[in-house]
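First chain A sits with chain B, and in the next complex the same chain sits with chain C.
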Partner chain A sequence: MASVQINNLRKEYPNGVVALHDVSLTVEDGEFYVLVGPSGCGKSTLLRMIAGLEEITSGDILIDGVRINDVPPKDRDVAMVFQNYALYPHMTVFGNMSFALKHRKIPKDEIRQRVEAAAEILELGEYLDRKPRALSGGQRQRVAVGRAMVRDPNVFLFDEPLSNLDAKLRLQMRVEISRLHKKLKTTMIYVTHDQIEAMTMGTRIVVLKSGIVQQVDTPHNLYKNPANQFVAGFIGSPAMNFFEGALDDEQTFVSPGLKCKLPESIALLFGDLPGRRGVVGVRPEHIYDPAEAGNKDVASEIGVTIDVVEPVGADAYIYFYIGDSYCCMRVGADTEHRPGDPIQVCFDAGEIKLFHPDTGDAVTSA
Partner chain B sequence: MRSKGGQLAPYGMVAPYLAHFALITAFPVVFSLVLTFHRWNLLSPMQWIGTKNFSAVAADPLFWKALGNTLRFLAIHIPLQVGVALVLAVALNQRIQARGFFRAAYFLPVVVSGVVVTILWKQLYATETGTLNAILLALGLDRVEWLTDPRIAMPAIAVMATWKNVGLYVILLLSGLQSIPRQLYEAAVLDGAGKVSQFFNITIPMLNPILLSVIILSTINGFSLFIEPYVMTGGGPLNSTLSMNLYIYRQGFAFYKMGYAATLGFILAGIVFVVVMIERRVIEQEYP
Partner chain C sequence: MRQALLKGLFYTVLVAGAVTFLYPFFWMVLGTFKPEAEIASLRLWPSEFTLHSYRAVFSKIPVGRAFFNSMLVSSLITASVLVLSSMAGYALSRLTFKGRDIVFGLLLFTMMLPFQITLIPMYVLMVKFQWVNTYQALIVPGMVSAFGILIFRQSFKSIPGDLIDSARLDGCSDFEILFRIIWPLSKPALITVGIITFVNTWNDVLWPIIVIREQSMMTMPQMVALFAVGGQAEAQVGNILAAATLLAVPIIIAYLIFQKYFIESMATSGLKG
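And now, the complex of A and B:
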């Protein structure tokens, strides 16, 4: 087990493209740390730099306080699970899992013992003599995890390990990897573009955009208190609804197609914004049919026409336009609303977020 | 119901190919098979002699000499060809300057006429006036009788044939190298494998299908050795470069023993088939 410290890490390619801008992070010992962000945000580059597969332009990486910038990958004591498994196709499962141990000159008996122990945990015991091509996607992914496990590394690195699996297997492997982390208590750094994976697995999550850290926080805090409009829109599915507009003299937020009386706590925050302009954000589960809002403190009612109703099992999503903004509202699966129906909606006043109209930063009272 | 013309149309469409196949492939094979049981000198009528051609081959010392020469050529040519091609392919797969130029340069001899290349190498190998011996002399060494010493002539031809053909195999191996996923090497680096271990544990096994093709193609091309000894040595000295194909050609077009030449051709085809099957079995056992 080990902590990983990243200080002002920068990656610039010879063609001038900067993949990472002075990233600084600290991964605590035994933590399940998730790097999440859209494609091309630099999360895999960061992981590969920790592994030693990518050159560092500037900055430092420390494992357990030791600078490893110039340490060869094999001596960093990190194990990596790749997106496409990267199993050696001509070797058996046993051959794949024992390959690293053979190169570390570990006695044969111990190699067998370690591989069999890992295979038992991952339920691969009966497949040790098979080649990867004779395994299912989930089994291959478990072999890739097993190959990392047998090395008993200081740090596990996962590079989008579940993205090649179907939805059902992905869910199953997600649970298995989380369970494995609880069992091994090893530091794990996990890269994904899937915010559900990030939210369900990570003890802490880093949100990256264009090589810049947007926010580092627990899954709950990222969801409840996003640092900026990007994080608010990226974390949560369906995404948060945004309305850009300005506050008039009567604490009413005016945006194209929307006039909404805001609670005083939010309205006060507009005072610091240029021209009392701002971006209001509301999550789909915080938009209600006024009749179903119960005792909740709601902002003013808005009349809309339903565009699409999307049942997703336990819930249904209702889509409609408010002005130019295409909005989503989460309702119960038994909704009787149909496309074309005119309905009234209202926002949960306590859950309305406000963002700076130019920088996108969250505006809060604290 | 389809019209009569409509029914005949498919036959009309395949007819050109069938005619081509019958004339260019099927007829020569069947005719030469018939020839193996005949004596024929192109002028007189064919004479049925049963299996006498086959028994004559078994007792023909020059056949065994030519077969031995061809196998000796293959024993030098195939490892040299595959080894050099592999080294060049790996080198050209690196990020080196002028990579495109080198790739084209190594492929150039493949597209140059075999006769032209052979004449060029004949000049290089010439004992008195050749470039190679001029270099040896400049280094203070003795001249080598590249094409007139029976022990050296066949290896010299094998080196030349390798130079001529290696570009094709480099391209094949290069395409194989480029299709090996980069992540396998990255996983191996993290697993602690050095460059040598990566080469033997990843590159070679992953190239196996291409290597098999390269070895089989080299074998088939090697058994077809003809232009080089025909132009450079005429099969000499002391028949040391007499290849199977050159011997077949002589029997057919120098001595007009068409039946005997056809018999040698069929025996050679059988030998090629057996050798290729053995190679395939060995390689597939080594790297299944």
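And now, the complex of A and C:
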């Protein structure tokens, strides 16, 4: 087990493209740390730099306080699980899992013992003599995890390991990897573009955009208190609804197609914003049919026409336009609303977020 | 009905093509077993089988020694090309260094140069090294091939980068990545380069004739060529055919063993046969 410290890490390619801008992070010992962001945000590059597979332009990486910038990958005591499994096709499952150990000249008995122990945890015992091509996608990914496990590394690195699996297998492997982390208590750094994976697995999550860290926080805080509009839009599915506008009197927010009385606590925050302009954000689960809002403190009612109703099992999503903004609200699966129906909606006043109109930063206190 | 006709026509053309290529070969092989007087006829099957032509060849030239020389030279060159060209192919496909593409461009350029252009400078070099009439002269110039490098580079490029990264994390050096991970995954490319190098080296007459004068150092094709045109065959077509057949045997055996990989590699590398 080990902590990983990243100080002012920068990656610039010879063609001038900057993949990472002065990234600083601290991964605590035993933490399940998730790097999440859209494609091209630099998350895989960061992981590969920790593994030693990518050169560092400037900055430092420390594992357990020791600077490893110039340490070759094999000596960093990290193990990596790749998106496409990266199993050696010409070796059996046993060969794949034992390859690194044989390379380190570990005694044969110990190798067998370690591989069999990992195979038992991952339920791979009966496949040890098979070649990777004779395994299913899920089994291959388990072999890839097992190969990392037998090395007993200080840090596990996962590079989008579940992207190639179907939805059901992905869910299963997600649970298995989380269980594995609880069992091994080893530091794990996990890269994904899937925010559901990030939210369900991570003890802490880093949201990256264009090589810049947007926010580092627990999944709950990231969802409840996003640092900026990007994080608010990226975390959560369906995404948060945004309305750009201005406060026209004490408490009334006006945006194209929307006129809404905001709670005083939010209205006060507009005081510091240029021209009392701002971006109001509301999550789909915080938009209600006024009849079903119960005793919740709601902002004023808005009349809309339903565009699409999307049942997703336990819930349904209703899509509609408010001005130019395409919005989504979450309702129960038994909803009787149909596309074309005119309905009234209102926002949960306590859950409205406000963002700076130019920088996108969250505005939380006046 | 129309489809059956088309299919029939297709197979007729294929059979005609195959016969065009195979008939002269079978005619040569069977001709070695015919009495000399019968060889000129177009009839394929001998009226009586005789080994007279082979006996004449073995008695007149040191076939065993020439065969050994050819086998030694071709094997060493093939092994060397596989190792050295794959190392260069790996560097050009998997390592990043300044001037990599220029090096690759230069290598491609050397493939465009006909051997005749470098023949004289190479011979002068052999004389200066005092390698004339030695195995070095036959082996060293062929130890690495631009063609091999090109095939390996293209083949190695198709191997997923994650596999190589994974091997690096497992503790492999570049040599180990090449020989323990990439080689086992590149059998078709290795076999293609191996066969082509072996065949080209085995069949080469011009270079051995330039650098080898001593009969004990001569290779099979050199020996056969000199036997055929140098008077030792005594104008007996049977003797010449027997020598040519002996020359072709190892190549045919190698092709029969490896043809599956050979065709696979030709198909995947987009190389014209």
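Note that in this section the second predicted complex is superposed on the first by the 364 of 366 C-alpha atoms of A that agree within 3 Å, B and C clash if a C-alpha of one lies under 4 Å from a C-alpha of the other, contacts with A are read in each partner's own complex, and residues count from 1 in each chain.
Here is the rule we go by: a residue touches a chain if its C-beta (ideal position, glycine included) is under 8 Å from a C-beta of that chain, and two chains touch if they have at least 3 such contacts.
Please read all numbers here as calculations on a predicted model, not as lab measurements.
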Problem set entry | Fit-or-clash call for chain B and chain C when the two complexes are aligned on chain A | clash
For this session: Figure out whether A:Tyr88 sits in contact with chain B (first) or chain C (second), or with both, or with neither.
Result: both
For this session: Please work out whether A:Ala100 is in contact with chain B alone, chain C alone, both, or neither, and reply first, second, both or neither.
Result: both
For this session: Go through the superposed model and pick first if A:Ala51 touches only chain B, second if only chain C, both, or neither.
Result: both
Exercise. Who does A:Arg338 touch here: chain B (first), chain C (second), both, or neither?
Worked result: neither
For this session: In the overlay, answer first, second, both or neither for which of chain B and chain C A:Lys183 touches.
Result: neither
For this session: Would you tell me the residues on chain A in contact with chain B in one complex that are also in contact with chain C in the other?
Result: 51-53, 73-74, 78-80, 82-84, 86, 88-90, 99-100, 103-104
Seminar exercise, completed: In the complex, the residues of chain A that touch chain C are 48, 51-53, 73-74, 78-80, 82-84, 86, 88-90, 99-100, 103-104
Seminar exercise, completed: The answer for chain B against chain A in the complex is residues 181, 183-184, 186-193, 197, 201-202, 205-206, 208, 287-288
Problem set entry | Touching residues (chain side chain A, partner chain B) in the complex | 51-53, 73-74, 78-80, 82-84, 86, 88-90, 99-100, 103-104, 147, 151
Exercise. Once bound in the complex, which stretches of chain C touch chain A?
Worked result: 160, 162-163, 165-172, 181, 184-185
